[in-house]
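Chain naming follows the written order as A, B, C and D, and within any one chain the residues start at number 1.
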Amino acid sequence: MEKNVFWDSIDYIQLKTKEILSKVSDKDIEKVKKLFFESNRIFLYGAGRSGLVAKAFAIRLVHLGYQTFVIGETITAPVQKGDLVIIVSGSGETIPAVMTAEIARNLDANVVSITGKRNSDIAKFADITVYIKAGCNEKERKKYAPLGTLFEASVWVLLDGIIADLLDSKKETEEAMRSRHATLEQ
Amino acid sequence: MEKNVFWDSIDYIQLKTKEILSKVSDKDIEKVKKLFFESNRIFLYGAGRSGLVAKAFAIRLVHLGYQTFVIGETITAPVQKGDLVIIVSGSGETIPAVMTAEIARNLDANVVSITGKRNSDIAKFADITVYIKAGCNEKERKKYAPLGTLFEASVWVLLDGIIADLLDSKKETEEAMRSRHATLEQ
Amino acid sequence: MEKNVFWDSIDYIQLKTKEILSKVSDKDIEKVKKLFFESNRIFLYGAGRSGLVAKAFAIRLVHLGYQTFVIGETITAPVQKGDLVIIVSGSGETIPAVMTAEIARNLDANVVSITGKRNSDIAKFADITVYIKAGCNEKERKKYAPLGTLFEASVWVLLDGIIADLLDSKKETEEAMRSRHATLEQ
Amino acid sequence: MEKNVFWDSIDYIQLKTKEILSKVSDKDIEKVKKLFFESNRIFLYGAGRSGLVAKAFAIRLVHLGYQTFVIGETITAPVQKGDLVIIVSGSGETIPAVMTAEIARNLDANVVSITGKRNSDIAKFADITVYIKAGCNEKERKKYAPLGTLFEASVWVLLDGIIADLLDSKKETEEAMRSRHATLEQ
């Protein structure tokens, strides 16, 4: 029955995302949060769907008042010492992602990688690697959550959790966030 | 304790997303799926974070072999009779979203709106409106899931469920999807 | 001979661009330049190829040290009183362009429109309209410079002229501009 | 006088662009045009302002009926044997541009590089390199056309010349181009 694939997939993605997020290292999250208070500007990088997840995070950081840039967009800035560069990459091994981490490291920026592969190339250049244990060999995975679906859904929620935490730490409010929302969004 | 806000938010977003998705109309999902088999090309529109959710869906549709365009990107095409235009808009009332729906309707395209507000302006021009009941007046919502967070997380998963369903209906495989994946992603 | 169309087109575009630029009002350019010194942040808007011309200008403004945003990109900000909103629109009548001008005006921003049609809708909401006399009924135009080609090429050069002027007025140097160039451009 | 810098810059950019374009190899342009008739799909790549020039070309190729993709945008496709990959890069040496050329070459695509540096790294992987002699040590250059301004303005016009030529060769018309223009451009 066609109908069931939709609902089964919805359930499967949510169940696995919950499982994956429960395994994220609390210590790593603490370290990432600390970097937000020690860094100047925030730069996000990601390709494909991981890039969209990174951009969604960037939008909320702007709402929280952080000076934020998305690497590859029209308006960006040179990364400098003391900036925070966050790279989202499922494999942790695509050349542009690894190169971005390496260059950022050489510029003395703080580098965080969020990746689905432990000991990936990108980890070598990152101060902190948040490891998302999204790999999964179950047969259902291919059917209900093809390609990077579990990684991306997990990181989407994880980053919104960081937003809620920063919102609290900075004693900001939803209203203040709304006031920083784009008025001329197309 | 700062720590708890992160984990509480993660839990809250997942709990509410589950609740919200369980209320989506099965009949509407069936109608949307049917349109995928009756339409020619697929066009996606959304602004801000809703736009990112729409783009993530577009990427997977390309992997499934659909000719897909994102309205507002460099490469797009004129919408024509028989095309499917899907608009993601939390409020269902921002002018560009409503205008996109109206123009698409006038061009005899099939129009689907995915929105968090029942009876919104956009619904007038849509053949099908998938209503996402993400509104929520709980105090915790502002703290753990500010602004459109619940709407966006819910639609992200919902659209991945549609992907799984189309994958099954079209008898496609994850491997075939991977072969349509961009090789030169930056 | 195929060959000649390429070279004839190159010549034609340059000849016409020169003619078009020579008719731009010096007084209007002076007024636009003045606004750069009286405004806070700069916002650019344009669709299609006009949007690309606007973005090219935005990149250089960043190099000159202006806080600049491109409306519609991931990272943007709410337009406020005292900001400068510049809209590039060949027809001056597309709904999103006119709407952007109207909203910006209502927010008490300074609004500049650069358009190919005198007395277009957008002019009603603009403090200054830089009129680019790119309309041309010559037969060769359709062959050598189809659609908005002359408007876009003219505005590209015009905006680079404004950059040179601001570079001089602000006593900036090419070296300082280079230091603000993105280091992690993808 | 401030005023003069604007007009002097406009004149300077146009004068130099004319000079630069007159030195482009006619033989190389012929070879590029030939590739348009021998290739399947067209892929464009460029970063920063060069990327905007590449995108402007991509939009017109769509108007001419070519299946065109911009590398790095949401909707793209895997490059395959027989596709044409065109890379615009002033220096011809930025890592992502060179890497794009190398990967495209390894995939048996036809590779064209448009660059301001003869014998650049990118040329090693390109079937054809269109060399734009935009380098210029004149003092005025820094003042009137900082950074890559001359390269970008020259390539903008050059690519519009190729469009006019393809328009003629394919016996297309401006009207047909307009009919392929996006109707829902934001």
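Just so it is clear, contacts are C-beta pairs under 8 Å (C-beta built on N, C-alpha and C of every residue); 3 or more make two chains touch, one makes a residue touch a chain.
Quick caveat, the model's predicted, so the values are computed rather than measured.
The chains that touch subunit A as well as subunit D are B, C. Annotation of subunit A and subunit C: jointly contacted by B, D, touch as defined at the top. With B-C and B-D as the two chain pairs, more C-beta contacts join B-D.
With each centre defined as the average position of its C-alpha atoms, the distance from subunit C to subunit D rounds to 20 Å. We define each chain's centre as the mean of its Cα atoms; on that basis subunit B and subunit C are separated by 33 Å. One simple way to say how far apart two chains are is to compare their mean CA positions; for subunit B and subunit D this gives 34 Å.
For subunit B, the set of residues that touch two or more other chains comprises 52, 55, 59, 72, 74, 96, 181-182, 185-186. Contacts from subunit B toward subunit A in the complex involve residues 2-3, 5-10, 13-14, 17-18, 21, 26, 29-30, 33, 47-49, 52-53, 55-56, 59-60, 63, 72, 94, 96, 142-147, 149, 152-153, 156-158, 160-165, 167-169, 173-174, 177-178, 181-182, 185-186. Put simply, subunit A touches subunit C in their complex at residues 43, 45, 55, 58-59, 62, 68-79, 85, 96, 100, 103-104, 107, 179-186.
Against subunit B, the residues of subunit C that register as touching in their complex are 52, 72, 74, 95-96, 99, 186.
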